[in-house]
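Read from first to last, the chains carry the letters A, B, C and D; within each, the first residue is number 1.
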C-alpha cells in the first residue's frame, strides 16, 4: 500500500493539533504539508512541543498555497473556519486532491438552511450534492467513493449516534425531542479569548448559544433522514470545565409507554452489534466522558423513565477525536481503501 | 437582640463545613455546640484549618447529646443523614430547641412517598404536619412561626425557583417537563469514596441516579402545589468537575406557542421584583454557576425556542450555600425574627 | 466617619474585579468611579454579573479622566499596567487624591533596578522617595501617613512574610536561598491569550519566567532590608491549574544545624503573635492554598530537614486578595484611619 | 516471537489501570491474569469501562494464586503495596516467573535504609542483590538479564533523569541540592480517602510528606552512584490539582559560576543524544507536564541563575506511564528481548 500524503490546512487550533497527533503515528499516512498563516516558518515540533521527536515534527509550517498542495498531497484536511473552507475545497478538488472538510461548509444539503444559520452566502453550493456527510456508521460506503467529505460536527456526532436506534425503530415520538448537551472547553477552539480563559471556565458551568446554536440544523437534517420525516429538536449546549468530551442527554417520549428497559436495550445492542466503536453499555450503566477520552468510541447508556413515559439516551464521545479529527482520519482511511480504524488510538488514557 | 445559640450536629460534611463558615461571621448567632462522633475532642479550628482565628474556632467538637443540646442551644442544625435526623428532631423539639433539618426527613408531606423513595420507615411521621418546607421565597411567613423547618434539597431549590413563575402564570404545560440538572462535586458529600476522588471527577462528566434520584418527589411536590395539580417530571442530575454550583435546565412546552421572549421575561422579572436573591437576568443573558458562588443568589435566564414551541429556563445556585447551609441560616434568621439575610455572604468571590 | 470615596482605575482585570468585590461590601468606602477604556459605557453590574444587585453595580464605567477623578475620589486604586501607573499617580497626587498603586511602578526604591528589570524609563522617579511599600505587617505606621502606597506584588508578599522571622532572627544563612513559588492562573491576568486558555492550563503544570521574573528584585529589596545586608535569591514561579492562591517554598541553610523544629516554631509563633492575619501553623502542619482563599491570611508552615541542615518554610496566600486587592484595601484603610481589616472578607469559602 | 504472557497483580489502583491500558494494545504481550481480591469475579472491561471492547477486557479478575500465576504467566507485574510485594516476588521467581515490582520493596540496595524509611522488616532481603533498578537509560543491559526488576518510583525517575548529566559531568556541587517536586493526584493512589476527594484537591495546592518522604533515599542512592560519593538532598513533594504529571525543579550550586547556559545545554544535549525518550528542550524553553502526558518522554529544561551561581533543572514526566507502568512495560520488553518501546504510546494526547 502506498503511503497517503496528507496536507493539514489550519494547524493552530485544537482540531489541527489532534490531526497532527494522530497522523504522527499513522502507519499509512504521512503529513507532507502543514499550513498556518500565523505560524509559518516554525517547525511543527517547535510549535507543538508534545510532538517533538515524533514523525512529522520536523516539517516546516507554511502558508497555504494551492500549487504546493496539489503537488504534495493526496488528501487535504481543512481545519479552517466555515467560510474559508468553501473557498479552498473547490480548487483542491479541481487539482485532484481529495478533501475532508472539518468545517460546516459542506454538511448541510440545503443551501438555504446553511445561509440562514451561518449568515453568510455559500459560494461553492455546486459541490454540496457530491459532498458526503462523514459519519462512518451511517455512510461508510458513500464515504469510500467520495472526493469531498463533510466531517460531522461534534455535537451532531454524539446526538445522531445516540438517537439513531430509537428513531430508526420508531420507539419514540419524533416531535418532542430535547437534546441537552455538554462539552469540554476544547470545543470552543484555541482562539485567545477571555471567556475561555482558565479562570473563567474552571469551577464554572454555563449554557450558551441556545436556542440558535449552528449544530441544530445539522442534527435535524440527519435525524430527519433517519426518521423519514422532518424533525425539529430543541438543542442546548453547555460548557463543562474539562478539556475534552461531550455528553448529550436526549429526551423523547416513548411511542409505547409500556416498553421496558430490557427490550429497548436489546434493540440498541442489536442495532450496533457490528459497529465496534459504538458501545451500548449494560442496562443500568450510564456513560461518562472520561471512558471515551482520545478515542473513536461512542458510549451509549439508556434509561427509561416509566413514570413519565420517556426514554432518556446518554451519548458520550470525545469531541476532538470522534467529534472532529479522529473521524476525519477515519473518513480518509475509507476514501483510500484503508481499514477505517487504521492509525487510530484505541482507548482512553485514564485517569 | 439576644444572640441566638446555635448547635451544629454533623460537622464533617460539606454542609456542616459551610454552616461553620457562615456562623463564624454571623453577627447574631453564636456556635455553641459542634457535634461529630468521628472528630470529637478536636478543636473546630484544628479540624478545619481555614477557620483558625475565626470566632468559634476554639470550640471543642463533641459527641451529640440531647442534654447538652438542650442546655446549650436555641436552635440545632441537623447536618446528618436522612434517617438519623428523624431520630434527633423529636427530642430536640421536646426540649424546646428549634430545628432546621438539612436532611430529607421532613421535606415530603406524604409519608408513603417518603418511604417509597427513601426505602426506610419514617419513625417521626407525626412531626411532618408541622414541619415547614424552608424555601424563604415561598414560605417565609410559615418559616417565621415554625419550630421545625425542613431545609430544601439543592436540586429542588434550583428547580422550584426556576420553574415557579412559568407554572404560577400558566404559560407552560405541566405534563411534559424535563429538568436536566448539573452539580459540582460537593453535592456528593465528603465521604471517602472512589467515585468522588479527584482523578475520577476531574476532566470527566457523567449523569447519575436517573430516573430515580430522591430529589424527584420533592421537586414534584412543590411544583404540584404551585400548579394546583399533580405533576410528574423527568429529573436527571449530572456530576460536573467543579466544586460548587448547580445549574438546572428546565424544558417545558409553551401553552401559547406565540408567546415571545420579551413578554415572558417581563413576567419573570415582575414575579421576582421584590425578591432580592432572585436575579432574573436580562433577556439574552444566560446564567453561570460562578456568578452565584458562595451566595444566596439564584440567577435565572430564559430562552424561548419558538421553532419548537418550548420554554427553556436556566436556574443557577450555589449548592452548598443557597442549596443547603445558607438557606438553613436564612430559615433560622426568620425563626428568630432576624433579617432573612443576616450574616450572609453577599456575593461570589470571582474568579 | 465620612465615607471614603474610592476610584478604581482599571476594572477589567482580576485585581480590578477583586477590588470591586471587596468595595461592594465595604462599610466605609464607596466606589464612586470605575474606569476602563474598553468597557466604558457599561454598567458595572452588567460587565460583572456576579455584582448585580450589590452596591456599586449601577455605576457606569467611564474612561479615566483626571478632572473627574479629582472631584469624585478621595483615593484612587491603580489596577493598570506598570508604566501606565507612573503616568497617572503624579497628577492624582497633585490633585489631592491619595493613591494605592497595584502595579510595580513605585515598589523599588532604586530607580536603576526598576529600569533594569522592567526595561523601561521611570518617568516619575521623584515620587519614589515618598512611596511606601504597602505590606501592613512591616510598614503600618508609614502607610498610615502615606499619600502614595506601592502595593506589594503577590509573590513578594508570600515570600517576605514567609522568610521574615527566620531572617530577622538570624537563624538562616542569607546567601543560599531558593524560593520555589507556585501560583494560580489568575496571577497571569485576564488578558485574552492562548497560554492561559483553560485547555492549556488545566491538567498541566509548568515553570515560567525563571530566572528573570520581575518580582525577584522586589523580594531581594525587602529581604535585604530585613537582613541588614544585600541578598540575592533564586526565585522560580510556576503556574498551577487553579484559579487563586500562591504557595512559596523557601529553602535556606540553618546557621546552627542543631536547631530543632520546636525552637524555630516557637520563634515564628512569637514573631507573629500580634499579627492576626499571619497564622503560624502547628509544628508538623503544612499550609495549603485553599485555606486562605479569598482572605488576607498568610498561613506559614515550617519544616526542618535536619539531615541536610536546612530550614524549609512554606507560605500560602490568596494572590488576588492578600497578594493584590485586599492588601490594597487594607492599605487604604490605614491611610484613612480605618481599622486595617475594615470591609475585609474574613475567611475562605471551602470547598 | 512468542507472545509474552503477562500477569497483573493488583489492578484496582492507577498503576494497575495504566498497565491494563498499555497491555491492551501491546503487540507482543498478552494479559493472561488480572488479580484483585476486592474485584474478583468481575470482567476487567466491566470494572474498567474504558477498556470495554479492547483485548483483555473479557478476562475475569481473580484472587492471586501462585499456582495459577506459575502456569499462566511468563512475567508478573506487582502493583501491590510495599510489604506485600516482598512476599509475592520470591515464590514467583522460584516458579520461574519473571517479576517487575512496582512497589519500593526491591529498590533500595541497603536493607537497613529500607527498614528505616519504610518502618517494616524486609523479609526477602536475600533477593536485593539480584534485583535491578529498572531505569532503562541507566541500566538497560542489567535489566535485560534480570529476573527481578525494581521499577523506580515516580519522583525518583524525574529527579534522577533530570540531575544525571549535571552530576555525571561534575558541573554542580553535590552537597547543596534541593529538589522541589510537584505531582498530579494520581500519584496519591486510588484509595478512597478524604484528602484526595475532588473538592479537597481542586483549586488547591499543598506540600506534603516533607522532609521524610520515602522517595528521598531512593533518589539519594542513585544520585550517589552517579556522583561516586554519598549525597544528601532536600526533597519536597507537592500535590497539584491535576490528574497526571510530575515536574521536579532541581536546584544546585555550580562548581564554576562562570559556566553559561549554552555550554551546559550542549552538555545535556550530548549526554542524552542517543536516548529517544529524553528530550532536552532548546535553551530558554521550560518543560510542562502536559507535553509528556501518557508517554515515556522525560522533558528536561535548564536554566542558569548566574546572579546566584546556581543551575536549575526542570524535569517533567508522566507519573503513571514513565513513572510507573510504562516504565514497567519497558523493563519487561528488555527482559524478553523486545524493543524497549514496544507497545508504548508515543505521545501525549493534547489538550
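One rule holds in what follows: contacts are C-beta pairs under 8 Å (C-beta built on N, C-alpha and C of every residue); 3 or more make two chains touch, one makes a residue touch a chain.
Keep in mind that what you see is a predicted model, and the values were worked out from it rather than measured.
**Q** Mind listing the chains that sit against chain C and also against chain D?
**A** A, B
**Q** So which of B-D, A-D or C-D is the twin of B-C, meaning more than half of its contact pairs are the same residue numbers?
**A** A-D
**Q** Just give me the whole-number Å value for how far the CA centre of chain A lies from that of chain C.
**A** Chain centroid spacing, chain A to chain C, equals 45 Å.
**Q** Counting in whole Å, what is the centre-to-centre distance of chain A and chain D, each centre being its mean C-alpha position?
**A** Roughly 36 Å, centre to centre.
**Q** Distance from the CA centroid of chain A to that of chain B, rounded to the nearest Å?
**A** 39
**Q** What parts of chain B, by residue number, touch at least two of the other chains?
**A** Correct list: 14, 184, 186, 199-200, 202-203, 241-244, 288, 290, 293, 351.
**Q** Please name which positions on chain C make contact with chain A in the complex.
**A** By the definition above, chain C touches chain A via 14, 184-186, 190-194, 196-203, 241-243.
**Q** In their shared complex, at which residues does chain B touch chain A?
**A** 176, 178, 180, 182, 184, 199-200, 202-208, 210-211, 232-234, 236, 238, 240-245, 247, 249, 251, 253, 286-290, 293, 301, 303-308, 310, 312, 314, 316, 351
**Q** Considering the complex alone, what residue numbers of chain D touch chain A?
**A** 14, 17-18, 21, 24-25, 46, 48-54, 186, 202-203, 243-244, 276, 279, 281-282, 285, 288, 290-294, 297, 299, 320, 345-351
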